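Each of the next two complexes has subunit A plus one other chain: subunit B in the first, subunit C in the second.
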Partner chain A sequence: MLPMLEKRRTLAGVMSWIGLGILVAFILIAVLAPIIAPYPAVGPNSQFLTPPNPLCGACAPPSFSHWMGTDNLGQDVFSRVLWGAQTSLEVMAIGVILALAVGFPVGLYSGYVGGSIDKAILLVMDSVYAFPGLLLAALVAAMLGKGPFNIGIAITVIYIPLYYRVTRNQTLSVREETYVEAARSLGAKPWTIMWVYIAYNVLITIPVIFALSAADAILTAAGLSYLGLGIQLPTPDWGLDLSVAQQFLTDGAWWTSFFPGLMIIILTVGLSFLGEGLNDLINPLLKKGRA
Partner chain B sequence: MPRRGSLLAYGLTRLILAFPMLLILLTVVFTVLRIIPGDPIYALYGGRAPLSVIMALRHQLGLDKPYWQQYVTYIVQIFTGNFGVSLGAHYGGQSVIAVIDQKLPATIELSIGSMIVASTIGISVGLISGINRDKVVDVVGRLYGTTIFVIPVFWLGLMLQLLFAVDLRWLPVNSRFDISSSPPATITGLYTIDSLLAGRLDLFIIAIRHLALPCLTLGLVLSGFFAKTVRANLLRTINADYVEAARARGIKERTIMSRYAFKNALIPVITVLGLEFAILFAGAVLTETTFNWDGMGRLLIDSIEVQDYPLIQGTIIVFSFIIVLISILVDILSGVIDPRVRY
Partner chain C sequence: MHALDNISLDVTSGESIGIVGETGSGKSTLGKAILEILPPRTEVKGRLVFRGRELGQLDNARIRHIRGEEIALIFQDPMTRLNPLMTIEDHFVETIKAHQRVSRQEALARAEAALASMRVPESRISNYPHEFSGGMRQRIMIALALVLNPSLLVADEPTTSLDVIVEAQILEILEDLKRTYKMSLLLITHNLGIVAEVCDRVAVFYAGKIVEVGTVDDIFTRPIHPYTRLLLQSIIHLDTKELHSIDGAPPDLVSPPTGCRFHPRCPYAQAVCREKIPPLDQFRQDQLAACLFGKDFL
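And now, the complex of A and B:
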């Protein structure tokens, strides 16, 4: 039994490290885009004055000077894909952090006080959670308008119920621990018990949700941009570039859609590896703590 | 007799519980549409229309009334089946119900097709993975389950289009039907069913050829969840006491797998099916855009673009109804299959 556990632990460890590596690499790409991108994100930078493929404007297949080819406006796809990391990470960070900032305190409160308040909040959150996230986000995005910040807020709506759920459930079990009861009998105020004694022990479950919701947030944000509700041209964004590239796909210009999609996949695979790896690492820890 | 009664009671309880859920969803939609900054009339006409026209239209839509009054009207209208009239450029003047009636079959056809693809592929991968636990096949299967799930559905759609439609020319690139032939007469609105009802096998083949790529795209992405669930459940049932007991009685391993382990591993799939519908609808919006599929998802995005307020509201409400309905059906179905659920 023990060696099996060890083996699982290491697999989870490897997954987490790969995931973390990918995330860090993408953060570096986003931060260093101005230095490492060979061309600016916006504006024609193809050397082809007469495009080899007149059907899709100034697009050209991958070559030595343009590793991932150029798009219909003659913009270097490789550079746009690197710059696009900025947009995606920005939207993801806003969405996920805001969801945590709302979902965590509400979940903590709901789980701690219990009773009918808890039931009411739970019902609302569960109903919202049952609805297709992308549709809800599309609705909010349409009302708020385009731009990274607004899209960040729009996708927050999807993840608040998720953070709420996890926090609430964890609070419910931590609330019954002996040390919390001890604090209560010593006369600690509810506020102190919630934030000093319970919050820290609930926080341990958050990294897993953080990574998994971040992966989903990247996909949702890309989806919104693809639908034309997210980011506005000429801002480099993977989902948006894909929707532009789609028009030229039937002319055989595969590179303008292939590479932005590949970036989304690598980043989301990385984040879900991180999430699932952490889950395997943290869950046994939690169980051991319980025993 | 008492068993039958308890199932009925269970179903009724679920139905009653679904009502607040529906009401909350409708309230959320109302809140998003009215209280978040952004005025539909202003968005529709910009600064171009004179103030008197804008005011008249606001009055006509009841947007000049207090929120609570608008809310009551909104709820009453929904439950009396009056969703209003479209304002937008495409469907202006048509009733929202009529427009949705035209678009819903396309989405239903796409959804059913995708679910068939997703469950067939997902369950197969899950079972093969589970039987060969920790072997290479299993690792490949698990990797498939994890990665297919995070592939953007629109990207997968574009790549499949590129391969099967543009390069190989095996299947049509997009849309629901060939331009050169006219679709079967509308009975259900589902082209596959209608062409069969009309006895036209040629039209049925055209419809299936058009369905193939969108359903494959959406089905592949959704299959990951099935694969994971089935594998996890199979691992649980393989080690269950009743399987051990069957083994001890000397029943052949094949029979044990098919008659004992598989059967019980597949029960939770129904729950997954229910959960997947929310993801399915989100995916359908994207897939419909990729494949120029004239369904509810496209309708929603088109009406959001032109800020066609009643149409946005109507589409979202229909989605909410379907989701609540499916969640009830799934709960009742699992109650029928697994009586333990009812208590």
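And now, the complex of A and C:
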């Protein structure tokens, strides 16, 4: 994938690079949070513990000692935003990797065997897909309980049908390729045909939806936390911080909601850039259209 | 719809039979039916007996062992028959290991021998399909089909996309295999010249039916069925002054013509040809034809 990006100085290539850069930056932030965060994520860090603002507790506007200000509990927003990258990326990674791990093999199998088994799986997946994503995740999250891993699973449930659909449809077309027929004529086992001849040729469609669903997963995870179904206080989480900050917004404390929100936007836009850029680079039809 | 209708053929050990006919006459379908790799929702009625075993009654695992190891199929479009993401080496190892418990070294040695026999340099075994020309790929496909020494080779237009020199080489190799290993060959082609060169017997297909079967000698010198005669007339020789073609187009198999399927295009057709389906009758020692007026053409 990377050499392909290097060769093309096109809009798609630039978008992919920007997206990749943003993603890498966020991963670095998450990994390095313990080192680069000036304050611990939890607990009052404010030097003005005598409330300077009677309306929002210990909150204080951005200053030199607190670049993004402090929240109502006197916690440093900058530090919480950095630590929050850990939570968001963790939930996102669990969500999309599990969805891929389930959706891809099931889609491959379903598309390869076809017939009534395929129809049955398709019906189940389509029913799940038809369900509003956030609502479904909220239901699963409510059943499983809180915590990053459970939220990851709740998100997985939304994206399995997506990965299944894409894999299955691609499998249906790759299955008809003449080299698959040739492999069959030489006596290859169905398992070999599925995993050696079809899987690799289907895999090429995955990076795009992987990036796009990751972007969506960030939003869903933030949404769940915002609704109080996701991460629990005091764990630093952008969605959760937004939901707490909301009540102080009208009092002029914009910084407590602005910065976590900004992070959600930047990461989501970065992943979308990556997905859309990769889509343009990988999809040969779009490539031809541009040439 | 019936892509093939009432087909009966025997191939003895070491014999090669040519299947000739126009595009859409069911030649390739026959090849795929033998290996049971027809697309889903197709049905084969009748019996396929291979070395005393009825293939239709074997379970999938047994059929899979027969494919490639005992009956191999060479396809007509070499450009797309190799997995673009697998090296040639992987194709061979994959195929050999699907049938026999051998080490990778052993499989590689056999692969190299098979490639060498098709005059593909061994040094290129680790290349990917896109690094080869069409002729090379077709030779690789043939080497792949032959690496397990099948006793029946179904070759579906094996040389159609190749130039004449490569074609001659491949035909030579096929004949050689036939002689050395007593391999039987079912050669599907529309090139009558190849049939005359390689085959012992010929079956002429028209619209999913056999219209004439016989030895190469009989069919080429004393054809009976009007279709065979017209087909032979359409061959271009050095002294051809005028091109002959058969008027009309092959029939739509969804609703084939009544009676003899060739009657709409047959210059000798009578009223009765429209109603009566001609049986495949014996006219000479080894020559059968499906024409109501076959006697007139003897």
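FYI, the second predicted complex is superposed on the first by the 275 of 291 C-alpha atoms of A that agree within 3 Å, B and C clash if a C-alpha of one lies under 4 Å from a C-alpha of the other, contacts with A are read in each partner's own complex, and residues count from 1 in each chain.
We take it that a contact is a pair of C-beta atoms (placed from the backbone, for glycine too) under 8 Å apart; a residue touches a chain by one contact, two chains touch by 3 or more.
It should be emphasised that the depicted structure is a prediction, and the values quoted were computed from it without experimental measurement.
The superposed arrangement places subunit B and subunit C next to each other on subunit A without a clash.
In the overlay built on the shared chain, the residue A:106 is in contact with neither subunit B nor subunit C.
Judged by the touch definition given at the top, the superposed model places A:211 against neither subunit B nor subunit C. Ranked by how many residues of subunit A each touches, subunit B and subunit C are led by B. In the superposition on chain A, contact of A:221 is made with neither subunit B nor subunit C.
Once the two complexes are overlaid on the shared chain, A:178 sits against subunit C while remaining clear of subunit B. In the superposition on chain A, A:231 makes contact with neither subunit B nor subunit C. In the superposition on chain A, A:127 makes contact with subunit B only, while subunit C stays out of contact range. Shortest separation of subunit B and subunit C in the overlay equals 22 Å (C-alpha atoms, whole Å). Taken in their complex, subunit C has these residues touching subunit A: 35, 37, 40, 64-69, 72-73, 75, 77, 80-86, 94-95, 98-99, 141, 144-145.
Touching subunit B in their complex are the following residues of subunit A: 123-124, 126-128, 130-136, 138-140, 142-145, 215, 219, 222-223, 226-229, 239, 242-243, 245-246, 249-250, 252, 254, 257-258, 260-261, 264-265, 268-269, 272-273, 276. Residues 20-21, 24-25, 28-29, 32-33, 36-38, 146-147, 149-155, 158-159, 161-162, 166, 173, 278-279, 281-282, 285-286, 289-290, 300-301, 304-305, 307, 312, 316, 319-320, 323-324, 327 of subunit B are the ones that touch subunit A when the two sit in their complex.
Residues 114-115, 177-189, 192, 196-197, 200-201 of subunit A are the ones touching subunit C in the complex.
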